[in-house]
Amino acid sequence: MNSFGRIFRIHIFGESHGQGVGITLDGVPAGLPVTFMDFAEDLGRRRAGAKGTTPRKEADLPKLLTGVFNERATGAPLTILFENTNVRSKDYDKLREMPRPGHADFVASKKYAGYEDYRGGGHFSARLTTGIVAAGVIAKKLISPVHIEAKLTEAGGNPDIDAAIDKAMEEQNSIGGIIECRAQGLPIGLGEPFFDSMESLLAHMMFAIPAVKGIEFGSGFGAAKMKGSEHNDNILSMDGKTGTNHAGGINGGISNGNELVFRLAIKPTSSISLDQQTLNVKTGKVETLKVDGRHDLCVALRAPVIVEAATALVLADLMMLEQLTVRRIRE
Amino acid sequence: MNSFGRIFRIHIFGESHGQGVGITLDGVPAGLPVTFMDFAEDLGRRRAGAKGTTPRKEADLPKLLTGVFNERATGAPLTILFENTNVRSKDYDKLREMPRPGHADFVASKKYAGYEDYRGGGHFSARLTTGIVAAGVIAKKLISPVHIEAKLTEAGGNPDIDAAIDKAMEEQNSIGGIIECRAQGLPIGLGEPFFDSMESLLAHMMFAIPAVKGIEFGSGFGAAKMKGSEHNDNILSMDGKTGTNHAGGINGGISNGNELVFRLAIKPTSSISLDQQTLNVKTGKVETLKVDGRHDLCVALRAPVIVEAATALVLADLMMLEQLTVRRIRE
Amino acid sequence: MNSFGRIFRIHIFGESHGQGVGITLDGVPAGLPVTFMDFAEDLGRRRAGAKGTTPRKEADLPKLLTGVFNERATGAPLTILFENTNVRSKDYDKLREMPRPGHADFVASKKYAGYEDYRGGGHFSARLTTGIVAAGVIAKKLISPVHIEAKLTEAGGNPDIDAAIDKAMEEQNSIGGIIECRAQGLPIGLGEPFFDSMESLLAHMMFAIPAVKGIEFGSGFGAAKMKGSEHNDNILSMDGKTGTNHAGGINGGISNGNELVFRLAIKPTSSISLDQQTLNVKTGKVETLKVDGRHDLCVALRAPVIVEAATALVLADLMMLEQLTVRRIRE
Amino acid sequence: MNSFGRIFRIHIFGESHGQGVGITLDGVPAGLPVTFMDFAEDLGRRRAGAKGTTPRKEADLPKLLTGVFNERATGAPLTILFENTNVRSKDYDKLREMPRPGHADFVASKKYAGYEDYRGGGHFSARLTTGIVAAGVIAKKLISPVHIEAKLTEAGGNPDIDAAIDKAMEEQNSIGGIIECRAQGLPIGLGEPFFDSMESLLAHMMFAIPAVKGIEFGSGFGAAKMKGSEHNDNILSMDGKTGTNHAGGINGGISNGNELVFRLAIKPTSSISLDQQTLNVKTGKVETLKVDGRHDLCVALRAPVIVEAATALVLADLMMLEQLTVRRIRE
């Protein structure tokens, strides 16, 4: 489903090489200040340009199509459109015969019986995350003063990320990475039993981000090796602050007032310049594929702002459900 | 929200020390054979009894309250109730003052303003998973011949699980573990972009299971340290079979026809017999807590059947959405 | 779908001649006082007994299965069960061959391929509305001081309802009726564009009540014959009060602060003692059917309390969405 | 909520005098032929121009923004945008002080705290139905060969609609009307107990159309005056055909294989040129309002194609749920 959320809802659409990508937000409180310039910083962080990112550069100018009037949200659906401008579809035409390993090419052609827009990954492209980042800008306003920060803590297994990128460029290979996300200032009580635990909703959203293959909260996989006496976070004060934070700020699926901490495993970019052996669906034989196009060496480089946005979207919906953010702004 | 699923939907209810726990399934195809005996095996696997599990024993007899007639599903909501019989609530009365570290006691009392049923964790209790296992029995029938198997691969960091339990018993401490789940026979094409990727839905469901703190698909966190040339699974045949399976059977959020593989991190049981320091919410001071009651040393021991059930529930809904399982049984 | 609502959600289950009928409420604010006795009055109004109602009498004792602790809602799912006691299923066995005109027998057997519980209408029985009435008792508490009152304004086309019932009894025929429902004290602003207008949600819910075949708001069908200058309700005060109320309290799908007014058309009870010609599905021929069993002459007699409950359920969800009722009770 | 549907879902957005209005469809089967020209006929029927309709004329050219590739649906969200071109917002500026009787002006300004886009009704404008008609074009393809036809059967209480319009023009007043909608070829079994009866879903959708104030199925309000022996439709053949069709093709909320018949009450256009007394929210006094702008004398004239589209949208979702239309087109 291309929708997420219960009260603060988002609906995503678009393709990498079509007319554009965008997102519609339903449930934005009327009166929330929204201007074109609000989006610049976060979209800038997502945009390509730095070392290790794709040479395809999109201006990523958000078009506030609906739901904003006099620089305020109106309470009606807020649609943000990003028109595609820098499109080179010919790069992808020959890939029809040879689905790229690691990409959705093969499964998409099966699921959609060959009618999918295959250019640049179509609806599966990471370009769709532009909409997530834009929606996150709105969500961050709503959950203020909760502060979210995500960063890349290692790339290709190396905490020296600059060195890791240099090495990958040298090897013409791609690398994965670990994103760590932390949020301070969360109220106690977010998350809904039984199925909408904080972990459930955050994980649901995070696994929508292309290339995410794992998530852990607090001590996560490390907790599986711990003893109860080590893992339990002793509660020390009436506002729920604990001595340690092995739980990552969540007990029983509910935020406990401590820092929210989770980590994401990002796989290496599937597109690599090196030769790969894969199926030619026309001949039915395994052949050599060389992917041209323009790609990121490490998608994880651009992911932190997407992860922050995704986190903000989940928190905004949960806080609205808990009536901790308002349905209308009054000033 | 206490519901999950789009077409094949479940609604869970109940408390650990109330009258019972149960689940309602909406969307079970009319005509599906359902008898009391179908539930015996999986409920038996979840039930306590083995070394390292709680001494509290419940008969766990499923009462097929609605939706079954002449041993067939009718197409109407199918409600399964488990009455609580072996309840010793006095164990929990004194805990009101001292919320147990690692448990939902503190957050529940904040979220529900002190009105929650605090006995034995109330609605947060792992006893609720009885309903998940029962619903999973129905789901497994629907997705046949897809076969799911989950197992505990290590406990307390030790692959010799028997030894790990012995040590934990000796130390009177609890331990966590890793559950690995594999499913064979999945069709290509399950999972719905953008937000309902296979990983998103499975993770959403898995994090509803108490004590789960991490999930990874295929190589998971290992993938973050790999190069693209290592991680990409080369497609070798027209049915999508790949040489390696670093993706865990999912590309672009869609099942690719290979084995589904994921692992869960289970934290150590929060209840331990050892003394713990924690807040007394009445005095506002940190005091010594000793948890009595009856507990598992390693909840991960009983988790595999729950994980299988949870997986089956997600797959059943996705297969129904893809029209790969029928809305009605005709014979 | 057997669920309704976004935040204040209900899930219904059960059959007329199975073990029972019930309802689960998700989203009841923790702390709301709920006792067994709260249900007596409204369930009494729904129960049979009066002239023109079915001789089948059920005690209708609500079993508060989950979600209530110390006579307060806990915030967890609140399940109310009504066990069936007065069941005479043999009345219905012979009807398998001859689906009753006006009933769901024929469509149910097609939709569920013959596996439906056909006894007494099964899941299609008006007995399911016991759960609606019980849930409505909770909803009425939540929306207080909004006051809802529904009444039967005519039966069989006659405003003298007592006379209409006498005549129907004499003729051994069934009759329909008109229910009018009014609610005072609604805040301005309930209803959500575009698809969740007040009228949309109320109509959705009302047409779930068996035998409802029409709904109109304010002047309704009369409005279709009016001129704009007659129909427009002039606004006279800052709190939105209008001179007339042709709109029935709703403009643009949003409550306008005036009295909510709508009317329902209830068809005559389908079960009648008179001979009817209908298909014998075994022989494929039209034959004479005589329905025995125990039936209402005029289901509309018992409908007002159901309509009130259904209205309260819609309003509770909308008020919760507008944050006009709380998620938690604090005292 | 600005979304409707379970599998075949629509999300609507836009304002009357903003940049445009549009709709996103989620769940369109991949491979469905979709071209620009498909929309011409139905959009032409909705468009103004005829006697009694507004002089505001929009080209209503659908922009297929996403989800279509090589004139086929791709399976990804299909977004259709209609840019606003013929906008004269100054007409509406002075109305801020005097909310128009019958319109959403007053309730919108309360609900959205004055931040709503008030120009031309903003998100409440009937212009939004352009998206419904466009989505209906897609839905009609899906449900083929089911055939839907809606028509205006009376205007201002007069079956001679041409005469009724002439009289209204002469009186400078607006009039309402009755729309009757019929659909042939429906399979038996559409509609989902308990809450998603055919009537529930159709009514939900129809009341989202501005100006609809009543709906009745089959004999509807007439049924309330009938006896059971008159109203019951005797089943005459194995495919469920009945002698009469008082039920309008629906029993127990489920389609019964006969013609679907329902009628809608459309209120007179709220905008009239005649003087009206209403509140000036700035002065708090009742004053004389004269509405200029460009308006329909009888919105019901343009409603039939909207009603058909709305019907098709409901049927498409129900048929997809029943697996009676496919998730993918294969040719």
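Some notes on this structure:
Per-chain numbering from 1; labels A, B, C and D assigned in written order.
Please note the rule applied: contacts are C-beta pairs under 8 Å (C-beta built on N, C-alpha and C of every residue); 3 or more make two chains touch, one makes a residue touch a chain.
All of these numbers come straight from a predicted model, not from anything done at the bench.
Taking the definition of touch as given, a chain qualifies here only if it contacts subunit A and subunit B alike; those chains are C, D.
Distance from the centre of subunit A peaks at C, each centre being the average of the chain's Cα atoms. Subunit C has its Cα centroid 36 Å from the Cα centroid of subunit B. With centres taken as mean Cα positions, subunit C sits 44 Å from subunit A.
Residue positions of subunit A touching 2 or more other chains: 1-3, 6, 12, 76, 111, 123, 193.
Those residues of subunit B lying in contact with subunit C across their complex are 1-3, 9, 11-15, 18-22, 24, 26, 30-31, 63, 65-67, 69, 72-79, 81, 111-117, 122-123, 328-330. Residues of subunit A touching subunit C in their complex: 6-7, 76, 193, 321-323, 326-327.
Within the complex, the subunit B residues that touch subunit A are 1-4, 6, 12, 99, 101-104, 106-108, 110-111, 121, 123-124, 128, 154, 156-157, 168, 171, 173-178, 188-189, 192-197, 199-201, 203-208, 210, 212-238, 240, 242, 246-248, 251-256, 265-272, 274, 276-279, 281, 284, 286, 300.
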